[in-house]
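Let me give you the structure first, and then I'll get to my questions.
For clarity, chains are labelled A, B, C and D in written order, and residue numbers in each chain start from 1.
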């Protein structure tokens, strides 16, 4: 049974900071946001987790394997190296959406995202080491079938992008409402979804739904593990099986 | 009259590289993609341009003010510091979508995105210095009205994200098909759109369309300039006027 | 009694890479070297270690607290994100110089630094968790007394730099030959030294030696811990005591 | 005749910042310093200049080709993305040491390096475009003959480092006092020196001096150009000639 540990990473007071005393150069904001995300990806990723850039001022991570001390160290390190600080909420549960919701509430209770005095809050709880199992995390890695042949080498780059965005927008809503799952576009034509205990039929149905709704053809590899990296790496291998065998859904167990 | 110079930045052979000899750690791919984008944002941004992360393996930039030699230097610098290389196509035109389309064709003609032998192509043309004017670029900076109060401080972080994504997906399609414009989510609740010569009525209509379609309320500041930074900075100031005065559409000229 | 775990980090085949097929832009080499070092500093530092940039193609780290699996992960992550790869040797001992020497031998035995076929070697052993103690690492943090008043605000920036370099060169040789210690300039007017079990008299003597030899006045804070961060953080606090009280040598235990 | 444009880059109030409110993690300081340097290396390097990390809180750059507006943009960009700010002084002259000295004085006159109220000063003058010539910059690129065979593959990594540091310390003092030149260790076994109009005999003498004083054998390639990159790239090619032909001094003109 899944027991997903989800952390919400929120930059403190970011909206006001970006325009105080004057609006800042957009290219510099993009650079800083991306490098901050990249650093968090290394920190979380090196401990077996995944973090998704999401909205950049709010990032969602699957942090099974990271302790609260780890979260505190991440906060401290960012505070030493960036002109902004982070607040973090951590929660766990069978349902990824519920865990994310609980994590969000922890941060919201500490104060508004634009509350000048709310800085570096850290609240929540992690999955205790003795309670961790190989089923805690289920990751599904979707991609568009032959995106290069269908889109990238054929359409203009923005129309390719529109197709992939429409596919992502449809999948993200469906997986959240039908399956309590959190879906993230990760570049190229790839979407990684954090799921509870779903089965092949659920993935087949999701793929059909997206194809019917927006005419984007997806395939998916699914993996499980005690942390996001293990589950996700299995999912990547399962996806390679889809590519090799021409199948639409492959579960790595 | 707008004369947008658009550059398509495409990583060579990226799909195969990410899985050869084995799939690579997802957190490392995310880190590398984000830092590559951040570097390009500095290079392009320091010369008055804007680059958008788009799909990360394909990035779209507004490069009025950058010469072909600048593009070549960017390619060389990335090739010296990353395990991947870039191909670039550059085109210009009244319509941003048309310019992007021409830029894409230049790269596609050089070879497939997954063609092992296509490396570091550079094709295209820039706007000559004597022909540059203060109208060349029109940038519109949209954001969601009171996103913090409506979403960030109220909903769980993924539902906030879904709302913003739906708004973005709707705006991007409408602006592309109705107005030949290229729209990019840039973090938070912000979308930057690269437009041809549009007027207040066009922006009012776009805002109404998105509100009717997905119930997301947008406001927009619009600026013009000889390059993306100048146009975009004026747009940011116009957006501050919306925030201060409670208006929905502000043009900075 | 100290039991320093030292890791040698060596870039594979770097000399030839920098000039193949043609010499590469110096500014790009500097950027890549510095960012690679910064990443290793985060990885090692987040686990309680210290890494020093040393020669950039060869970096020395104090890695008490890092396992061989940690070293392997670092190698893998760098290989995924940089155009170069790393070989690592790890050794332990009472004498930091001896441990570093053993670590070097492990890498040298695997192959030359410019051996095209030597890639990503990892050899050595770490201090087992049950055998770790709070005395394993001794760190001394030296700085120049009132460098800002004596040099930075008075001399031209290169002459300030020459004074500090001469002080460092003298201290590094003395600490290595008289005390089996490894000394590293870390910016500003600061030198961090990795020591075996030294006493106040040893540090007083070192300070006198440098003052007599090159007329540079140092003060030092010394700390001990089970890892470099703990020892070094105590050393920083001891150094603050020197600054506050005007003393030359302070031991934090 | 050389006309070197030298910029001093000094972090504002850095010493106090590193210990306020408490000392900061050393690994984080190292990461931030290195990444700041790397960014400045990209900015300056992309415009044909060279910047050297020097003391990290004080960096020296050869900036022929950069305008004062370029310097201002660098300041603004760093201020948007780092928790520190920069002050800059720019000066020109036949003698690199004199230019650096004048640049330093400009910053010192604006206020102490630890003056809380001195932030983001920018003073000085650049070489006007019409006055630039292909002789403005002379760069000498020294390295140790067969460092890999003599040191890296033979001695422990710290003793290799000591030899190279001793060679550097001797060369830097000699070149500054005898030849008004600024010398910088740039990694590996390489030292880059910014010179006035020197001749082959001056370099032969410098090499002999270092060999006699500390028994380190150097070779050198020298180049000239209108900016540091052009001069330095020629110097790299000249050094390749030394390596290929076994000569000690090669001038690329």
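Everything below uses one rule, namely that a residue touches a chain if its C-beta (ideal position, glycine included) is under 8 Å from a C-beta of that chain, and two chains touch if they have at least 3 such contacts.
Worth saying up front: this structure is predicted, and the values here are computed from it rather than measured.
K.L.:
Centre-to-centre on C-alpha atoms, which chain is most distant from chain B?
P.N.:
Measuring from the centre of chain B, the most distant chain centre belongs to C.
K.L.:
Take the average of all CA coordinates in chain A, do the same for chain B, and state the distance between these two points in whole angstrom.
P.N.:
One centre to the other, that is 22 Å.
K.L.:
Round to the nearest whole Å and give the separation of the Cα centres of chain A and chain C.
P.N.:
Distance between chain centres: 37 Å.
K.L.:
Name the residues of chain B that each touch 2 or more other chains.
P.N.:
25, 28-29, 31-32, 35, 39, 42, 45-46, 77, in rising order.
K.L.:
Specify the contact topology among the chains shown, as one of line, ring, star, complete or other.
P.N.:
The chain contacts form a complete graph, every chain touching every other.
K.L.:
Flag every residue of chain A that touches chain C in the complex, lowest number first.
P.N.:
Listed in rising order, the residues are 39, 42-43, 45-46, 73, 77.
K.L.:
What does chain D use to touch chain C in their complex?
P.N.:
8, 10, 14-15, 19, 23, 25-31, 33-35, 37-39, 41-42, 44-46, 49-51, 53-58, 60, 97, 100-101, 103-105, 108, 112-114, 148, 152-162, 164-166, 168-169, 172-173, 176, 182, 186-189, 192, 229, 232-233, 236-237, 240
K.L.:
Touching chain C in the complex: which residues of chain B?
P.N.:
24-25, 28-29, 31-32, 35, 76-77, 80-83
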